[in-house]
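Consider the two complexes below, in which chain A is the common component and chain B and chain C are the respective partners.
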Partner chain A sequence: MVRYASFLGCQIPMRIPSIEIASRKVFERVGLEAADLPGYSCCPEPVISRQLDETAWLTISARNLSIAEELGVNLMTLCNGCYETLVEANGILKGDPEKMRIVNEILKGFGREYRGTIEVKHTVEVLYEDVGVERIKEEVVKPRRIRVALHYGCHMYREPEGGDVMRKPNMMRELTRLTGVEIVDYGLERLCCGYPTMQADEEFSLKERLLPKLRHAVEAGIDAVVLSCPACHIQFEMGQVMLRRYGINYNVPCINLMELLALSFGVPYRDLHLEFHRSPVRKLARMMEDV
Partner chain B sequence: MNVEEEAINYLRRGLGSDVLDAAVMRERRVSVRVKPEALRRAVELLRDGYPKLRFITISTVDHGLDFEFLHHFHIGGTILTLRTVKPKEENTLESIADIIPAANFIEREIADLFGVRLLNHPKPRNLILTKDWPDDKRPLRKPFVGELPRQARPVAEALISTGCVAPASSFIQRRRESAGLPRTPPFTFADEESMKEFHGVIRGTGLDEKVGFDWKSGKLRYK
Partner chain C sequence: MSEALTSRQRVLLYNPERCTGCRFCEIACAYYHFKEITLEKAHLHITFNEEKGLFEATYCQHCDEPLCVAACPSDAVTKDPKTGWVKINSVRCIGCRTCTFICPLSVPWFNEERHISMKCDFCDGDPQCAKVCSPQAIRVVTREEAWRFNEETYLEVLTR
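Then we have the complex of A and B:
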């Protein structure tokens, strides 16, 4: 059995728990043991903590990593933002003994130490590489015949220097394809959804980032957008609501890859509690049942 | 032992743990950070221990959330600076004019320019500003804000207080429960020991001071 510590992050459990529900069901079905991380905190959110104080950023990350290390397993994240933080912090700590020493000096006061023995992966990588496409394919009993646009999320492209930035997006594409959907290319897959600029300039974020993506995707004739990042998900769902203030009306269902996988595994949509969404995902799920 | 080190040791002996930090910055330049409540005692110690002590001036730095007062003294060719940091919420400066009369005018000037209230000053009247100068328009006083831009404040506040940057409301916890999930995942805030440890880590990194977090209220000191 494949065993990982599952880092849920903040946004999924507290804003879109249906993704957590779906993930737990998917992991169970494919034989992936996902251990909870007792006492974990925010990864932490890098825009503030990293810019403000690198030591604080590394120490909070190292504390989270040390919890997984204590469990004796590698760590996987569902959220792209957490992935970036924890992968980068892990890389810095492993490559810089002085930073590791400073961080452990602080953690020592609380009986903790991070030794740098674990790896961090995105759930997409774990499903694709560790579980395997064939194993997942076995579970797909209800292929979903809809047309979808993919939004990978910027941090999904993060790779070590010289790495193939499309490595993880291609995995996500492949996993999505397994669910039976038709993937529609709309040309703006790599454009940021606008989430990071939301606080600085709402109108720019909505009209210059989210809107072009929605427009191109809808013109391409999609039924839904498939995402893996909860922050992007919030931007896509709340952004459509906010765009109405500007007289722009979109109501595209936005579904997480884990939810789509769970549905294709035959999990009844009612069990996923899709009512946590702010876009018509339940309607989409009902429609898929009928197709 | 040179003058610089001797002065530091002298203050450490007299003030004990009220000396927070002390360093010889360079030749003939000493900086000693003391607790604000120990400032007057430090000045008395210097006056009593160094007959040729000469008071130079007091500098004030407005850091946004705190005032830093730098009392400069001359001891036999060496400049010794007593540094104290006081939160702007207190907005006070303890006068040393009764110990060092020459501090009288500079303290009044500081009060005028920064809007700081003088404690125990013999004549706490305006010195360079007119009597009717408005309290809320002090020439050198900065707004009461910390390092974080407005948009980042709620996130930093949530990160430090709960360890989770998404709203940990009881509403969502109830909804999680009704969906068959535990009320919360095993977050820091769900367990007292983990929360204590996390807060200790935050204190250990100094992030709380850097962003201006008030532990008593569990919020940032500024909106």
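Then we have the complex of A and C:
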């Protein structure tokens, strides 16, 4: 059995818990043992908190990594932002003994230590590489015949220097395809959802980033957007609500890859508590039951 | 700078084929220099053409023979002979904006609060824009590599 520690981050348990529910059901079905991380904290956020105080950023990351290390398992993240932080911090700590020493000096005060013995992976990597496409295919008992647009999310492209930045997005594409959906190319897959610029310029974020994506995807005739990152998910769902202030009306269902996988595995949509979404995902799930 | 030093100079290189337009580079730049979450105070800018689906960036090339250095009437803009980075001395700058007008890319921008011109200072050797760029659209490379990339990417298009 494949064993990992599942790092949920902040957004999933607090704002879109249906992703957590779906992920637990998916992991169980494909034989992926996902241990909880008792006492984990925010990853923390990969850009501003890193700039604010890199040592604090590294220390908080190292603390989270040390919890998985104590359990004796590698760590996987459901959120792209958590992936960026934890994979980057892990790489820095492993490659810089002086930074590792400083961080452990601080962690000692909290009775913890990080030795740098674990790896960090994105959940799409774990499902694709460790579980395997064939194993997942076995579980797809209800292929979903809908047309979807994909949004990978910027942090998913993070690779070591010179690595293939499309490696993980291609895995996500492949995993989505397994659920039976038709992936529609709308031309702006790579464009950011606008979440990072929301704090700096809300109107720009909504009109120059989210809106072009929605417009192109809807024109391509999709039923839903499939996402992996909860931050992008919030931007897509809340962004559609906020765009109404500007007289722009979109109501596209936005579904997480884990939820789509769970539905294709035949998990009843009522068990996923899709009511936490701010877009008509429940309606989409009901519609899929009939197709 | 000698030719050998020039080719080894560390510069920023932008690959539009990899950019997602997240503008984290701008946010990180402005936060690093001003501790503010804003796009307006960034030393580089990303633009996106929705119709053509194309990205482009405006950022300092830290030129071999910088026009901003030549044109500055108060000798506030200097090029470091060792690193090759072009910087504005904020104490010497008189805010005349000549550097902005002379720069082929209009990279230096006028800070209305401080009444001086500002530009990329290469973050003293550790550019934050490159650090936070997940798809590695902005990277720190040698000028030689940047020349090669830009020739392949742009010259071919221009001479077509």
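Following the convention adopted for this analysis, the second predicted complex is superposed on the first by the 291 of 291 C-alpha atoms of A that agree within 3 Å, B and C clash if a C-alpha of one lies under 4 Å from a C-alpha of the other, contacts with A are read in each partner's own complex, and residues count from 1 in each chain.
The rule is simple: a contact is a pair of C-beta atoms (placed from the backbone, for glycine too) under 8 Å apart; a residue touches a chain by one contact, two chains touch by 3 or more.
This structure is a prediction, so every number in the text was calculated from the model and none was measured.
A.B. asks: Just from the overlay, do chain B and chain C fit on chain A, or is there a clash?
C.D. replies: Fit: chain B and chain C sit side by side once superposed on chain A.
A.B. asks: Looking at chain A, does chain C or chain B touch more of its residues?
C.D. replies: The partner with more contacted residues on chain A is B.
A.B. asks: Under the stated touch criterion, which partner chain does A:84 make contact with: chain B (first), chain C (second), both, or neither?
C.D. replies: second
A.B. asks: Applying the touch criterion given at the start, work out whether A:157 contacts chain B, chain C, both or neither, answering first, second, both or neither.
C.D. replies: second
A.B. asks: Which angle, in steps of 10°, is spanned at chain A by chain B and chain C when each chain is reduced to its C-alpha centre?
C.D. replies: 60
A.B. asks: Which partner does A:48 reach: the first (chain B), the second (chain C), both, or neither?
C.D. replies: After superposing on A, A:48 lies in contact with both chain B and chain C.
A.B. asks: Quick check on the superposed pair: does A:188 touch chain B, chain C, both, or neither? Answer first, second, both or neither.
C.D. replies: After superposition on chain A, A:188 lies in contact with chain C alone.
A.B. asks: State whether A:207 touches chain B only (first), chain C only (second), both chains, or neither.
C.D. replies: Neither partner.
A.B. asks: For A:142, decide between first (touching chain B), second (touching chain C), both and neither.
C.D. replies: After superposing on A, A:142 lies clear of both chain B and chain C.
A.B. asks: Based on the superposed arrangement, let me know which partner A:199 touches: chain B (first), chain C (second), both, or neither?
C.D. replies: Both chain B and chain C are touched by A:199.
A.B. asks: Considering only touches as defined above, state whether A:167 meets chain B (first), chain C (second), both or neither.
C.D. replies: neither
A.B. asks: Between chain B and chain C, what minimal C-alpha to C-alpha distance in angstrom results from the superposition?
C.D. replies: Nearest C-alpha atoms of the two chains are 5 Å apart.
A.B. asks: Once the two structures are fitted together, what part of chain A is touched by chain B and by chain C alike?
C.D. replies: 47-48, 199-200
A.B. asks: Give every residue of chain A touching chain B within the complex, in rising order.
C.D. replies: Touch list, chain A to chain B: 8, 10-11, 13-15, 17-18, 20-21, 36-42, 44-45, 47-49, 52-53, 55-56, 59-60, 63, 106-107, 109-110, 112, 199-200, 273, 276.
A.B. asks: Considering only the defined contacts, which chain B positions touch chain A in the complex?
C.D. replies: For chain B paired with chain A, touching residues are 147-148, 151-152, 155-156, 159, 163-168, 172, 175-176, 179-181, 184-188, 191, 193-194, 197-198, 200-202, 204-207, 210-211.
A.B. asks: Give every residue of chain C touching chain A within the complex, in rising order.
C.D. replies: Residue list for chain C touching chain A: 18-24, 27-28, 31-32, 37-39, 48, 50, 53, 128, 132, 134-136.
A.B. asks: Considering the complex alone, what residue numbers of chain A touch chain C?
C.D. replies: Interface residues on the chain A side: 46-48, 50-51, 84, 154-159, 161, 165, 187-188, 190-192, 196-197, 199-201, 204, 208-209, 212.
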